[in-house]
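Dropping the structures in below, format is structure tokens.
Shared between the two complexes below is chain A, which has chain B as its partner in the first and chain C in the second.
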Partner chain A sequence: MTFDFLEMVLFAILAIAIVGAGAAVVLVGRITSAALFMAFTFLCMAGMFLLLGAETIAAFQVLIYVGAITVLILYGVMFTPQGSRDYGLFFQKQTPWAIVFVAFLAVPVMVFASSFQDGRPLARGGDLVPLATSLFGDFAYPFEVASVLLLAALVGAIVLVKRDDEEIR
Partner chain B sequence: MTPAVPLGAFIAVSAALFFIGCAGVLTRRNAVVILMCVELMLNAANLALVAFSRRYGATDERGSVFVVFVFVVAAAEVAVGLAIVLSAYRTRPVVNVDEARAMKG
Partner chain C sequence: MSNVLAVMPEIVVTVVATLVLLVDTMLPRRAERGWLALLTVAGLLVALVSGPFVTVPGTAFNGFVQIDTFTTFSRVVFIVLAIFAVLVAPGYLARHDIPAGEYYAIVLFSTVGAMTIALSNDLITLFLGIELMSIPVYALAGMQRHDRYSNEAALKYFLLGAFSSSLLLYGFAWLYGVTGTTEFGPIAAAVARTGLADGPTLIALALVTAGLSFKAAVVPFHQWTPDAYDGAPTPATAFMSVAPKAAAFAAILRLMVGGLGPLGTDWGIAFAVLAAVTMTLGNVVALAQTNVKRMLAYSSVAHTGYILAAVAAYRAGDSAGAAVLFYVIAYGLMNLGAFACLLYFDIEGTRGATLMELNGFARQEPLGALTFAIFLISLTGIPPTVGFVAKVFVIQPVLDAGLTWLAVIIALNAVLAAFYYLRVVVHLYMHETDERSAPIISERMLNVSLGVSALAVVVLGVLPDGLYAWALQAAAPLVLR
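Our next item is the complex of A and B:
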């Protein structure tokens, strides 16, 4: 007796949740609801990584996307007042063109994507050791460049948000 | 031993989420929602990278290494993007991107 069907059922649930919540991010009118649907999508994506056997990436996903980026975007939602013009979503000029464009691209890409066959799968037993070996061995220089990028983004965000006028402080 | 879920299913979910995010970027007007949809597209790319790295005959975890770099770039992007949105709002109180036509302060 194997539990392969359980993996398939989990995959189906996660796939429906990801696509449904992703569509809700685009379609729902209220910005806060969209942000929470986005967090739910990220959480289901962490489950998808677990199904693929990438536990470390799933942990990073929960920490960075569900934790940090969602909180940052919720702060952005709170700091920018939201008008009542969110309902103009279906009355915009470029919406039909965007739907035609996306559908035109999406159908062949989805058919092509479904046609990939499995190669030789990696050995079971977690991805932490091979990930760390690659990251700190072959990719040590890009890793350092990534830290410089984070520092530049930190300084840039502070400089952009800093107030120049003295009287408001 | 063959995995229960085929690789194509993961890639199909990734492509679906990518095009959902693409449609959001093209149709929504709120700058914060556009940032959210860009994050959805980045995450869809992450799923494709991890799926190919685990299932497509790779010998090591290089695809997952790129996912780590995508995490870094996404965090930097959303921080700078929100800072730009806040700074633009402070200059001129609009959030919808089609109302903010001029980039000059």
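Our next item is the complex of A and C:
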């Protein structure tokens, strides 16, 4: 009983942190701070996975999102010129509309989301075996399609950014 | 093993894509790359043939994959469209310094995605298929990297595509929350039980409808279309105006008619209204265009409306599904052909020819002008072309479903469209060549492939029965009974 209560408290802390840091990513002006806030969001998501009893996925979340992707984004920030920007793009001037839209979406989400049925709970004893069997057994086809998707995205990205023949010489 | 056999055509296309990339890297930098197109087409033909011989109907991969007559039909559609898109490209790619190997590989990857949509039996497969279909096309739009309009096209297409994908995915999450399953059959059973009475189902339905409408370029979710089609390299435009649209309608048929069929009374009327708005706005704006490429972009929005009208008439039964499939094939052939005819004109950048630049084309290239005219007449919907037959097949179920007002709007729109399509024909045939006419390029591969597809447009217009019967068969498994 006490454990359930603790779980609720942890969930509330993590949820507030995720939503708050997520909002901060969009709202803070400095892009480095935004990237670090995003890393914090990912970290809290890993906490959510832990609460759900998915330790392996939490570990992957930390390794891939907090580690690799954030570092990649920080490198991207480092390599691009960051001038001061005293103009606002079209979409950056739409804050009032965005608030209305989010409120419009958030209310039904809060009302209805609690009505969803629970999924099947994981069996005790670690999530590595169920993860592996579902990834390479049950979900084999989507898994393979996802790998083709990554390959295609990779080819597309390289085509768009690679240097011209003249520049290489 | 039977699992692997079930998706053999998809595997073949994926392997060909990587093979093309590999061969491309082994060629010397300045080597002629035209025959890579032939390698690609050969691979696609192998995939086409492997379909009916290897795969067996039924589900595979734990219910993620569904092989039925609809899958087989759609595979043929996507492969044929990819073959034409590849065959018209080589000359343009060489002239504008676009990397050929990557171009064909990306077309192939996108085709695998489209085929995956057609065989999906589950929200997860469907979503991955949609992404695999669309992400390569974003890159395709931006492949002419030194052209600002190509950059704009790729960026707009990517941003709005990503936005629509997130809407769609969010809708899928709600759908999963409501039904507790991602498989289409159980989803249909669950929504049949609850109906639309509860709010979450309504939210899921709205998000999914909006997401799929973006992908198919339905008004008011079409704003990316003109800039993306106009700015992309012309052979890429030819491909992306037909294959992603065909794939989007495959997704609509699988998910809306299949999985969410029990809610048909609710989305049916929404689609009917959207169809009327889409075709009318597409045609009215196309009237005002003087650039043929942009005009065809708006006209493709209008054609989305005609196809959507057939979806809205789902109550008419299999004939509605067959009308969608038949129209998708007809649209694919004639629209790909019409965009590809712009490849005859040697114009700087990605911009298409203006009406003035078409002047006197018929004198210089009589056969090219004839194919262009055939595609335009078919797009208008004048017999004896496939475009006319396709419209008849759409109007029939629309009337059967009791949507008389929609049938009237379709007929009025066909008249409206005739004006701007036939204006192009006038410029092709009735104006003399003058200083405004664009220089013309003639290539054998372009001539042959356009000739074949123009012939197909006429032959299918005279003898549509075989294809229509096949489309009827393909539409049968869509409604989950």
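FYI, the second predicted complex is superposed on the first by the 141 of 169 C-alpha atoms of A that agree within 3 Å, B and C clash if a C-alpha of one lies under 4 Å from a C-alpha of the other, contacts with A are read in each partner's own complex, and residues count from 1 in each chain.
What we mean here is this: a residue touches a chain if its C-beta (ideal position, glycine included) is under 8 Å from a C-beta of that chain, and two chains touch if they have at least 3 such contacts.
Here the structure is a predicted model, which means the values were calculated and not measured.
Visitor: Contact-wise, after the overlay, does A:146 reach chain B, chain C, both or neither (first, second, both, neither)?
Guide: Both: A:146 reaches chain B and chain C.
Visitor: A:4 contacts which: chain B (first), chain C (second), both, neither?
Guide: In the superposition, A:4 touches chain B alone.
Visitor: More residues of chain A are touched by which chain, chain B or chain C?
Guide: B
Visitor: Looking at the overlay, what does A:156 touch: chain B (first), chain C (second), both, or neither?
Guide: A:156 sits against chain B and chain C alike.
Visitor: Using the superposition on chain A described above, determine whether A:108 touches chain B (first), chain C (second), both, or neither.
Guide: A:108 sits against chain C, while chain B stays out of touch.
Visitor: Output the chain A positions appearing in both contact lists, the one against chain B and the one against chain C.
Guide: 113, 115-117, 119, 138-139, 142, 146, 149, 152-153, 156-158, 160
Visitor: Over in the complex, which chain A residues touch chain B? Could you list them?
Guide: On the chain A side, the touching residues are 4-5, 7-8, 11, 15, 18-19, 22-23, 25-26, 31, 34-35, 38, 41-42, 45, 48-49, 51-54, 56-57, 60-61, 64-65, 68-69, 72-73, 75-77, 79-83, 85-86, 88-89, 92, 94-95, 98-99, 101-102, 105-106, 109-110, 113-122, 127, 130-131, 133-135, 138-139, 142, 146, 149-150, 152-154, 156-158, 160-161, 163.
Visitor: Going by the contact rule at the top, pick out the chain C residues touching chain A in the complex.
Guide: Against chain A, chain C makes touches at 3, 7, 14, 17-18, 21, 29, 60-62, 64-65, 97, 99, 102, 105-106, 109-110, 112-113, 116, 122, 124-125, 128-129, 131-132, 135-136, 138-140, 142-143, 145, 154, 177-178, 180, 198-200, 203.
Visitor: Quick check on the complex: what are the chain B residues that touch chain A?
Guide: Going by the criterion above, the answer is residues 2-17, 19-24, 26-33, 35-37, 39-40, 43, 46-47, 50-51, 53-58, 60-62, 64-65, 67-69, 71-80, 82-87, 89-90, 93, 95-96.
Visitor: Would you tell me which residues of chain A are touching chain C in their complex?
Guide: It is residues 108, 111-113, 115-117, 119, 137-142, 145-146, 148-149, 151-153, 155-160, 164-165 of chain A that touch chain C.
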